[in-house]
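Naming follows writing order (A, B, C and D), and every chain is counted from residue 1.
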Amino acid sequence: MTDRPLSVAAAFRALEGPGAGAVSIFVGRVRPDPGPAGRVVALVYEAHRGPALARFRALARAAERRFRTLRVVIWHRSGRLRVGEISVIVGTACAHRAPAFAAARFLIEDLKVTVPIWKSERARPGRRPRRRPARPGGRSAG
Amino acid sequence: MARPVTVLLFAGARVAVGRSELRWSVPPGGLAAGDLARQIAAEYPRLAPILRSSRLVRNGEYVRSASETVRPGDEFAIHPPYGGG
Amino acid sequence: MTDRPLSVAAAFRALEGPGAGAVSIFVGRVRPDPGPAGRVVALVYEAHRGPALARFRALARAAERRFRTLRVVIWHRSGRLRVGEISVIVGTACAHRAPAFAAARFLIEDLKVTVPIWKSERARPGRRPRRRPARPGGRSAG
Amino acid sequence: MARPVTVLLFAGARVAVGRSELRWSVPPGGLAAGDLARQIAAEYPRLAPILRSSRLVRNGEYVRSASETVRPGDEFAIHPPYGGG
């Protein structure tokens, strides 16, 4: 969990190391979807920080056990993110590509439903902001 | 004097209460987690429907039973369904 | 196809653009696997350039058709690559994460069997080099 | 004088022939792709087993039939199974 912008290049560097023939990185970004309160211009992410970080660590261990990941990145933004900003990066380094893909998919799917993070939308200025925390199918694909 | 419980409210629970954190007094011997949640919802009625789909968390661990005791000084959190990513 | 080092950051930049809520990037790197001729220290990639590029374009069109990709990257190195160097990057940008993952997986799987690129191993110096072009299950996970 | 066919050899085919490119004379009216491949393999016998698992390519397009004509000036390539990635 960080307040600062996430970097794909930094995520890739964090995944480097011997034996990592296959690296899979997934990046979720804020999309300018139309919503009932107007076009989304930002998402605000909040988290229960301690349990969220504990869950990240548990997810990393689960990926290692299930997919033999060599290295894993699970990074999530908190605070207010404008459209186009990166909300989440998950990355996996494995010897082979099939587990690298599977582990990355596992991490992002599990993150969305098991990590105490919530988002609320901020719609186009000029209309009343509308809060929809924890709505499934939110405005970020991540 | 007994220390209060720190109640953390997120997402819809935060909106329903209008704050992200409360101090809540509990008896020196503590209070069942389910009773604590009901007490808070009694004071903030908009919280009641959100509680039905939320998980309760005590000191960073999920509450496994509504009868689990929350003690003075504990951190107690209400987690509506998650929406990260 | 390029002789120059591939950059994950550049691939991500090439995938940016409106509506791309989900980006999936796969990176294949040269692994130092043990082989019968000694530990692999490098791979040499050769390609039939014109048909390879034509096939890349066809793959990009197929991804767009099948997965509604908004943008696609298919980059492959040629020439001699040392262990740890990036041999291939495929990347996809979609509105949602499921097609982004599926399209990236499609691209790398298809690339390996339909694009006229071949690799041969260079083993640890001090032993006779051994050439194993076009062997399935080569020493790069990409 | 008829122009030769440019023959491109990759991977195992390149190793078998010892070169990545040949110039091969064909009659002015051309030669069936299958016959051309057999002529080359007759001169470079190590190429024969590789040809069995290879695809033939004329001017960047897969040869669909061994009887397809390769003409003077064409580019003719032998593609062993691919191994990119």
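Heads up, the rule we're going with is that a contact is a pair of C-beta atoms (placed from the backbone, for glycine too) under 8 Å apart; a residue touches a chain by one contact, two chains touch by 3 or more.
Just so it is clear, the model here is predicted, and its values are computed rather than measured.
Between chain A and chain D, the least number of touching-chain steps is 2. Computed from the mean C-alpha positions, the centre of chain B lies at a distance of 75 Å from the centre of chain D.
In terms of their C-alpha centroids, the spacing between chain A and chain B amounts to 26 Å. Annotation: 24 Å between the Cα-based centres of chain A and chain C. For chain B, the set of residues touching two or more other chains reads 85.
In chain A, 28, 97, 108, 140-142 are the positions where the chain touches two or more neighbouring chains simultaneously.
The complete set of chain-chain contacts reads A-B, A-C, C-D. Considering their complex, residues 28, 45-48, 50-51, 54, 76, 87-88, 108, 111-120, 131, 133-136, 138, 140-142 of chain A touch chain B.
Touching chain C in their complex are the following residues of chain A: 7-9, 12, 16, 18-32, 84, 94-97, 100-101, 104-105, 108, 139-142. For chain D in complex with chain C, the residues that touch the partner chain are 8, 10-12, 14-15, 20, 57, 60, 77, 79-85.
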